[in-house]
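I have placed the structure first, in the form of structure tokens, so that the comments after it can refer back to it.
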Amino acid sequence: MAERCAVVGVGMTKMSKCRDDVSMAGLVREAAMRALEDAEMTWADVQAVVIGTAPDIFEGVMMPELYLADALGATGKPIMRVHTAGSVGGSTAVVATHLIESQVHERVLTVAFEKQSEGDTNFAFSSGRSGGVGAGGYFAPHIRAYIERSGAPAYVGPMVAVKDRKNALKNPYAHLRIPDITIEMVMESPFVWDPIHRLESCPTSDGACAMVLTNEAGASRATKPPAWVHGTAVRTELGWFPGRDPVNPKGGQDCAADVYRQAGVTDPRADFDVVECYVPFSWYEPMWMENLGFADVGDGWKLTESGATSMDGDIPVNCSGGVLSSNPIGASGMLRFAEAAQQVRGLAGDHQIADARRALGHAYGGAAQYFSMWVVAAEKP
Amino acid sequence: MATTWKLEFPYRRSVGPVIGAFLTGLRDRRVVGVRTAGGRVLVPPFEYDPDTGEPASDLVEVGSAGVIEHGAWVGTPLRTHPLDRPFAWALVRLDGADTALLHALDCGSAAGAEPGARVRIRWRTETVGHVSDIECFEPE
Amino acid sequence: MTDPVQFMSHHTAVEYSLPEPSRLGVHFAVQLGRGKIIGHRCPQCAKVYVPPRGYCPLCVVETTDADEVSIADRGTITTFSVITPLQYPGQQETEDYVQATLLLDGSDTTLMVTGLEGIAIADVRTGLRVEAVWAPDGERGAAAVGVRGMGLGDAVKGWRPTGEPDLPREQLAEHVL
Amino acid sequence: MTRDVAIVAFAQAPLDQAPGQTETLMLLPTITDALNTVGLTRRDVDFTCSGSADYLTGGTFTFVQMLEAAGAWPPISESHVEMDGAWALYEAWVRLQHGDVDVALVFSSGRASASASLRETLTFQLDPYYLAPIGADYVSLAALQGQAVLERTGRTDKDLAQIVVQRRHDAIANPHAAVSGDVSVDELLRNDYVVEPLRTHDVGPAVDGAAAVVLVAGERARQICDRPAWIAGLDHRVDPHYPGVRDLAQSKSAALAAARAGVGNGGVEVAELCAVCTPEELVLTEALGLGDAVTINPSGGALVANPVMVTGLVRIGEAFRQVHDHGRQRVLGHASSGPCLQQNLVCVLEARD
């Protein structure tokens, strides 16, 4: 039977438009060394490394795990590179969890990063061909379909944009800092991909995130509180086929059902204290709240509108500021997983939810077709 | 009708303190390495000991000439190679370094790329802080 | 004394061959040249794919010439977005334009189309009925078709409203993509 | 400690593909074939993992299209590594250790022919500050490794040619070989150098490829396959990246992976090595501790066909065939990645009667 797995170290870099003070190795090491320090471990304690990043063309380095292997202390150890589009940071953590749960290793370092300032994200998305519309151009029609279907008022997306940017002010690692942001300001910002306003979109960031995972014995020795992994799941579906519903994808529903079953979650809104959810465009908060079972289909926007997802609501979402405030794409999913872990460890700092016991980390990618999730809790499963 | 397409992009890389020190040195026609905690001098330098992952930041200057460890003669250079005439790739341990630097060696024939031969850096006329400030190695 | 080096340029250029057109891609392009749109109907689930891909990704079976069907050159906009082009090396678009998802009559799959004609951007809407504006005979650049296999190349210059009543949104719910 | 997992099926796309064949359509029948041989369908698969690399074709998220060959509706539990498919097999093997699921599908694909110059494309794998900007390429680096191993062992390019003669002879029976036939050492030594000491025959011809492997855990493997190849050991290790910081004539990472995979515990009869350039065979044979009695690369190995991103998975597939089709008891499949054999994976397969 599977071994238990816990997070005993978390490290994040300061995220910004351009981390012009570090190399790629420097960036991933900044996160990794913080995670090791948090775990009170050294490079020698790590038995295996699992790294994730999004498309190689972002940085112009093919399979960067080769160049980064020794920077991550992996000499003489196994290193793997996961890539599942935007969900990669999450699925990378899931692979690392599997290495512990399967008893293949006892201490695993997992890292995810993106250094988007090296290149140009929209160039990369289009492989340099003309006519590229970026991720927003792809998702905008889905968002329009959601708004039309649910009848949500136009200000709900902007509410999310304001909430997450205000939350980011409490997170020292967050990229965007817009202290005076208001709903009016968001709604007056230009459309980049109608119906998405500029201020409803994620930035492109440089940044990295790392976690140290260990087994039950290792977690018992940790001096800081561990975050116990109660479930992990990944799901993938075709991105394009007749009859597909990209607004409420079945892959997301199935993934949530799987991870809830493992963790014994039956009523997500009641059972979770906090959620870190992959929201690169503001309207994805209500969309995913429905997809993940926190609200009935068509009612997700009411959750946001009521304030339930704000830090003082009953189901706070993205207290860290989320993807809307910091988006080093390859790391964005792992940041959600790591922030969920920090909440249940009680180590989330100024954006800590008091007495958070159970949290959901969520990531998605591709054409809203790749999903990875984990449930972490303060109590041992 | 086109049968090929080109993926072309000018990446702009921030280099951080250690690679930065090396490139700054090249711009000034000096070679800067880094000493690891174990005492090994790495040229080119890394921010870490490749064997252990431990940080390395103790910058040291090394010589601009050294000894060939291994060489491989390239009779037909690729478009992307440093020299457009036949040359050798050479792993060169510069004086004072414990590791070898890879670059092109302009040595006329395969015989010039034998292990143990001494070579020195030929600097580019204009140096900008790039690994190509080293135009190539040449026999000392 | 000058500042330490903080950046380096790494100019990359790598060349790839364009994929050869497949036999099916050539056939599709030739039909477009004649002003005809064809698709493949999956022998198992009966879904119609335009352009034909030679397989049904749902049933994971290959499709053949025997599964070919003709498709109308008119259809319905199922959703859309107004794009303000992002600028990056290689981008040639500069002006705002509509990118629409189009469901052709007789097809189960949608096409991402641009080039809406005879309608203001502000009037574009879900449910709008449109028809193809074909390039003149002989200018339907069949060669441009098939590289990525997802569109109609330059055989169709654009799309214009037919003037028919809009289709109700509910009928399009399954065709957001 | 570990759960018993076996390879029960392996299929490889034919070398000759129709013009314009997409990777998806190379994979679709290959995956179907692999599953069909053991009476499974895509619906029976509990976990899917694939390997591929965007840069081979210059795309972004190219692996997403391959889902259409995997059968990803209804949604599947799935992962992807931007690595050779051998590492996808590793991830799938780890997933099967949990005990809650039994059947995994592994596949990988690559279109090396899309690159105008594979050497230039694979240069993107190298250190982006020190190596890629000077255009170092995988053949040049393999040549430096070749010099190192020839100097260390006292062998010559004649010894390299002798290896190629054997591989090409063995490849006559392999329909997936891009080059095969009986040649003499003297003939080969008339070939041009690419980068000394590597002549044209010392660099495995890059080809387009796709392959699929089916893994099944426990008793079920025995039920659906008459002679499964059980994974007796599976491990992978990496060396430092920069070629000037390590001894290129040896491979510590391959030796470590072999030790961890238990190659020494009973030895192996056959080894399928992912040696894309001839000298790599010399380095690997020593690092993996393969004595003279071990048959190396009966398929011809990577020197007769290098379907980039698939080559390692094919080695494991060929090792499976040695157990399943040829009655071998204990064999080794090896995969490698990166410059100068930087990363190595060792898979020991055995028959259990």
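Letters A, B, C and D mark the chains in the order given here, with residues in each chain numbered from 1 onward.
The rule we apply is simple: contacts are C-beta pairs under 8 Å (C-beta built on N, C-alpha and C of every residue); 3 or more make two chains touch, one makes a residue touch a chain.
The model shown is predicted, which means the values in this text are computed figures rather than measured ones.
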| item | value |
| --- | --- |
| Shortest path length from subunit C to subunit D (each step joins two touching chains) | 1 |
| Chain whose mean Cα position lies farthest from subunit B | C |
| Separation of mean Cα positions, subunit C and subunit A [Å, integer] | 32 |
| Between subunit B and subunit C, centroid-to-centroid distance (C-alpha), Å | 48 |
| Mean-CA-position distance for subunit B and subunit A (Å) | 39 |
| Sites on subunit A at which at least two other chains make contact | 20-21, 23-24, 57, 59-60, 70, 74-75, 120, 123, 126-128, 238, 241, 367 |
| Residues of subunit C whose C-beta touches two or more other chains | 6-8, 10, 12, 14-17, 57-58, 89 |
| For subunit B, residues contacting two or more additional chains | 4-9, 11-15, 19, 23, 46, 50-51, 130-131 |
| Subunit D to subunit B touching residues, read off their complex | 58, 116-117, 119-120, 123, 128-131, 133-137, 140-141, 143-144, 146-148, 151, 192-197, 240-246, 248 |
| Subunit A to subunit B touching residues, read off their complex | 18-26, 29, 33, 43-44, 57, 59-60, 70-75, 115, 117-120, 123, 127-128 |
| Residues on subunit C engaged by subunit D in the complex (per definition of touch) | 8, 10, 12, 14-17, 19-23, 25, 53-55, 57-58, 60, 62, 146, 149 |
| Residue numbers on subunit B that touch subunit C, as the complex places them | 1-15, 20-21, 23-24, 27, 129-131 |
| Footprint of subunit D on subunit B - complex, ascending | 4-5, 7, 11, 13, 15, 19, 23, 42, 44, 46, 50-51, 69-76, 78-82, 89, 91, 93, 99-104, 110, 115, 130-132 |
